[in-house]
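Have a look at these structures, which come just after this line.
Shared between the two complexes below is subunit A, which pairs with subunit B and subunit C, respectively.
The block that comes next holds the complex of A and B.
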């Protein structure tokens, strides 16, 4: 809001001074006094006199008055007529629409200054001509905005409702639609006023706008050009006044737009391409080395209200050639954990604690350059939405080949050939032709196959698949899962599969990690956990979704927001077994290869 | 190809609309257009002069006949003769247009070369010192009217520092060095608004592209940050920038009129302004149609660039 008040205050001040010009103790702005021409200072003329001996300060203020009068008048006329045309066009469609929209298009065919000059030729210069031209120039903006808004408002329920009640058209337009388009129209008004000040001054500067001796900033600059060597201030004052006014108006426009456009959220978080190195040391692990060993992984995000932790103290391990599933509802932190391990966290998030050893080396403390060499090489990732995850402007074959050449020094032609082979490997028919396609030309399932081809391009030892089937049709889902399972078996990769579907877990995974509100609540071999769930959440998941194919909606309530976590057990508010004991945070307990975070697991098992 | 043919057809259609509007404008004036053109202030023009002007402009003929002759003339490149000196309008334009084109080209090139890298860099280091300084500068540049910047450049560089000539023109063949020196200040003035817009747009567009999923994919492949930026961020970010560039061309062409005036650059604006002041309607019409045609042509070129950048346009 501070961004709104400063420029708004400045613009208001200018408008106020200009409006009050007749009341201020100013000299006559058009009275000439040749004896005092180009004098830098006179009592009563703090800014001096111009080339005809007229008072500069008085002319500046009166100049503001004529500029602003033209700008506001034309913006107001354009707003009223344009909005009316847009409303009628949007409401009646048909001929009204054609006239309004095509009319607007015609105005946009001309560069604005040239259209203005054409009209000035016909009607002669003057304030009236200026207002006419400027209002025509700004009509299209209002027509388009109000037309679009009416179209969307028409289909809204409340307008339909008022219509069904038998209200007459003008009444509906005025009472229901008009207040809703006020925001965008206001934005257009501010844009039109700012732009009109620029055009008015430009035309006056050319001597084709405001007619002398009426003062105007453009005319003052025009006049001062001849004497700029003797009296540069004469030039600088109107330049400064004009620029400052336009700057304030532009800033005000931006602020008004931000306020009116509620969809545009706050500023984007700070970005950095090179991830930070993170401190923190853990003792080296003993015994056979797992492929991926995650210990105490904690991710933090700084938000306006403080710090939230979408992943907290997460631990699991994965051996070569095995599949581990991470399950949980949306918001449980499973994807965030995966991106943290890959070093692909969004800029606002950072790893606060923990280690993630990949073949014994900590990914989280590795220099970004070293981690980049692993990414797409020894470890790869497949994302949820294959449409947005592929670059729309490059051919898919090139995108696969790019992954090859990022890690291996092969000639472009060989990489392309290899990319075709990979596409074939992931089951794409006619791979030669498909390699030359753009992502939008492929089906969802095929796009995901391309993503997988890209991921396995360099024979990774670890593949993380983040909900690889969620965005796909049900029929395609099974095929993609089969592909992943085949690849894991044939390439001997370790696979981390993130999913919310227990059906998927049962089908492909050997180990499972159940997450709830950033924490691991249960962990163990799939057969053991499914046969003998220890945590009430796991039980509820299994009970709620017998077929395991849809998001578990059988559990009442939703995952709490990260800034509203209950102090004790985070599942307690939704848990049918919750007691007073659940008000203290439960630890993660290990039992016979299984781990569970519940104080009552022993009683509940019985 | 079909897409291209339709796009070119649309441009021709718009050209016809522009020409018709310009033709009709004279007849939409309330009262007698000839009287309107001759009246200055409140003085009633001479009846003989009005009759002569009506004859010159062909206003006595049926309107459809006038319209047909006008359109036929256009296709032949005949834009009529000046009311002031009977000189063919098309000859005047043929002489001046290359100079205006040179100025536009130099200004656009300058704006793109400076603003694209600057906008990208500002986005990559969002919130950094460069970003803050460049963003403020862009906001100020956007607010300075082009004629104010031109005048101030003359005041500071030509009058005070005496580093540059205040304006003028020398043909390239005569003195290439001097030609470029004289071109530089007007080109900077033409470039300023465009540069500010391209900078802001590039910055916003790159910021948006950086947060896209496919950029994450590119990083997941293990590409170097430079390659991610070049191939997966900037390339995609350019698409909305070209759209805005096309929309800005109208402002750029209008700004060129002012810049040519400020720097005495003998392009189209000199005869245009002279003609507007003298109410020399055929000359004004000729130049307005030429520049509007240029505007449509530039927009067509922008659409082609846009299609080349974004395969989704032509292929679906």
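The block that comes next holds the complex of A and C.
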């Protein structure tokens, strides 16, 4: 709300001054006094006099009345009629759409000045004519904006929901659709008011608008132009007034839109930053050297309220040819950890602590150039949404070839041939033809296969797959998981699989890291952890999976936000076994190849 | 015995390309589906993207007017969408959506949104509506103190509870839940499934539960229909279908579902190729292009759903006898 005060106060001030013009102790704005023409200052005329000796300040304030009246009236008329037409056109489509949209297109075809000339010729100049011309000119903008917004709003579930409740069309349009298109319409209003002030001035300047001697900012500029060399200040005052008014209007409309938006502006980016984390740590093992050895990885993000840690003290190791799964709910930090290891953290986040040794070299402290060489080469990543990771305007074969050529110096023709071979390798039927397809021509499963083809193009030793099958159907998921397992076996890759599906973990991974609220809470071989979970969270998670004959049990509550983590065990508020001892942070303890972060694990195991 | 609450007979739903320059063929999302939902019964509809399960849900609700066949609700043919009779019927049916974010209007308070149905269909005073609202909030496990909050203040699971409260505010007989837990974390999923099961029992709701998650359907539903490319492949009591899948597609689907318990895992059957386009479905059995039991005669006629083994278990496969 505070954002609103300043611009609103400023606009209110301008409007108030203009409205109060008759009450203010101002000189008559049309009284001429040729003796004092063009003087820069007179007592009672702080801004001086114009070319007819009229008081400039008085004309400026009285001029605001006509300028602003024209601007507000025309923007308001255009907004009401245009939004209504856009709403109807977008909602009913068909004839309403044709009339609204084609009508708007016809108006857009007229050059504005020509239209103004035409109307002025027909109706004679004057404020009323000006309002009419300007409303017609701004109409198409409102129709277009509201039409486009309605089209996108009407396909939303919440609109379908009120329709399913049996609401009448006017109720749907006014209560549900209109508030949701209000943001862009308000922006359009601010633009229309601002440009109406300018256009009013322009048209009045040309003699098509407000009729002299009535003052208006446009007429003042017009008059001042003739005497620019003798009295340049005369030009400055109306221009300043114009600029200040327009800026204030724009600020106000922006602020109104933000305040009217109940979606919680601050929430969304915070959630995204918050996102996820990765797991545990161990004393560095002797031999053999693991493919990936992560120790004490901590990621920090500076947010307005302080620093949050979406990944805290995470450690794990992965050997060549093995699969490690990282599981956890949304917000546990699992994806953030993976992006940190790949060196792909968003700009707001930074690695605060820890090491991630890939073949002995610390990825986290490597110069970016060296890391870039590794990415897509010796280590690669596959993301959840293949559509947004593939470039929609290039053929998929070219994109795979590009991935090859980014790391190896091979001729284009050879890279293309290799790309076709890779597409075949990942199980795409008819790879020659598919290589020439664009991403949108492929199904979700095929796009994910293309992403995998790109990732394995340079025979990586480490593949990090972030929810690679979450967006896919189960039969397609099964095929992709099989493909990853084959690749891992045949190419000897190490695979880090980030997922929220415990079923997937059980089927494809050998080791698992369970994360909760940025920390590793349990880690160990999948068979051991799933058969004998030590941490209450792991137990609860397993019990929530609908599998077998036992009724699945949910976990009460939700994962706390990163700025509200409990001081002790972070799972304690949702844990059925929590006691006073849980108020101090539990350490990660190792037991027979398994690691657990719970003070009560010994008693609970019994 | 009286007729089931919802009866769909040979329902078809074809989407024609629209506009003057419309290109492409019409898409037949639902092709001749028979389905019934008895009072108090939960029918699961499973299938993958493009199987037509969501479209079927909307046709049964009357939100889409079927382009073929007929849907009867409580003995009467569904009226034309938008008509007064249709609007009145809205009070007796509800829908819960998949996306807990997109299905609530971010710019209105949750109280106002859950109240919509009451405001439209009843002449209750604002105070009476509030009282009912409070009761409904308690029923779905939400804090009635927060009626005036906006959706962004709630988590995904809570929003899904709100969606359920909105759908149930007018005390409907029939609820369509379209993938209501697919977007939720597993720990939250179980809470919402449990809530739906309780509400169904307490309110005697008939429910169509659309999902691609077979284990959830197994826990929540009495019967299930398995759809592929707009047609029903198999239908029967959940325990039957899951224990003894008859159709090759149902088996592939079950074998692809990741299981925690290694003992329960079936041998993976990977379906070859890609699902055909719904605008150009294969002749005869729509599944034949990916079926490992395919025979030339599968291309000839559309296999009818017929009873197999027990009375309620039906399958649309001409080779069901040989392969089972």
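Basically, the second predicted complex is superposed on the first by the 469 of 606 C-alpha atoms of A that agree within 3 Å, B and C clash if a C-alpha of one lies under 4 Å from a C-alpha of the other, contacts with A are read in each partner's own complex, and residues count from 1 in each chain.
The rule is simple: a contact is a pair of C-beta atoms (placed from the backbone, for glycine too) under 8 Å apart; a residue touches a chain by one contact, two chains touch by 3 or more.
Just so you know, these numbers come straight off a predicted model, no measurement behind them.
Asks: After superposition on the shared chain, which partner residues are touched by A:181: those of subunit B (first), subunit C (second), both, or neither?
Replies: The answer is neither, since A:181 touches no partner chain.
Asks: With the two complexes superposed on chain A, say which partner A:246 touches: subunit B (first), subunit C (second), both, or neither.
Replies: A:246 contacts subunit B only, not subunit C.
Asks: First (subunit B), second (subunit C), both or neither: which does A:139 touch?
Replies: Neither: A:139 stays clear of subunit B and subunit C.
Asks: Where does A:208 make contact in the superposed view: on subunit B (first), on subunit C (second), on both, or on neither?
Replies: First partner only.
Asks: Let me test your reading of the model: by the given contact rule, A:171 touches which partner, first (subunit B), second (subunit C), both or neither?
Replies: second
Asks: Quick check for you: in the superposed arrangement, does A:342 touch first (subunit B), second (subunit C), both or neither?
Replies: Once the two structures are laid over each other on A, A:342 reaches subunit B alone.
Asks: Mind working out whether A:119 is in touch with subunit B, subunit C, both or neither, as first, second, both or neither?
Replies: After superposing on A, A:119 lies in contact with subunit B but is clear of subunit C.
Asks: Determine where on subunit A the residues touched by subunit B overlap those touched by subunit C, and list them.
Replies: none
Asks: Inside the complex, what are the residues of subunit C that reach subunit A?
Replies: Within the complex, subunit C contacts subunit A at residues 48-49, 61, 63, 82, 86-91, 93-95, 97-99, 102-108, 113, 116-117, 120-121, 150-153, 155-158, 163, 166-167, 170, 185-194, 212-216, 218-219, 252-253, 255-262, 264-265, 268, 270-271, 273-275.
Asks: State the interface residues of subunit A toward subunit C in the complex, per the touch definition above.
Replies: Listed in rising order, the residues of subunit A that touch subunit C are 156-158, 160-169, 171, 175-176, 179-180, 182, 260-264, 267, 329-330, 429, 443-446, 473-479, 482, 500-504, 506-507, 530, 540-548, 551-556, 558-559.
Asks: Quick one: in the complex, what on subunit B touches subunit A?
Replies: Where subunit B meets subunit A, its residues are 14, 17-18, 21-22, 25-26, 29, 33, 36-37, 39-40, 123-124, 126-127, 139-140, 142-148, 151-152, 154-155, 159-160, 207, 210-214, 216-225, 227-229, 231-232, 235-236, 239, 249-251, 253-255, 257-258, 261, 272-273, 275-277, 279-281, 284-285, 287-288, 291-292, 295-296, 309-312, 315-316.
Asks: Considering only the defined contacts, which subunit A positions touch subunit B in the complex?
Replies: 106, 108-115, 117-124, 198, 201-202, 205-208, 218, 221, 225, 228-229, 232, 235-236, 239, 242-244, 246-247, 250-251, 268, 270-271, 273-274, 339, 342, 344, 346, 372-377, 380-381, 383, 385, 388-394, 402-403, 406-407, 438, 440-441, 451, 454-455, 457
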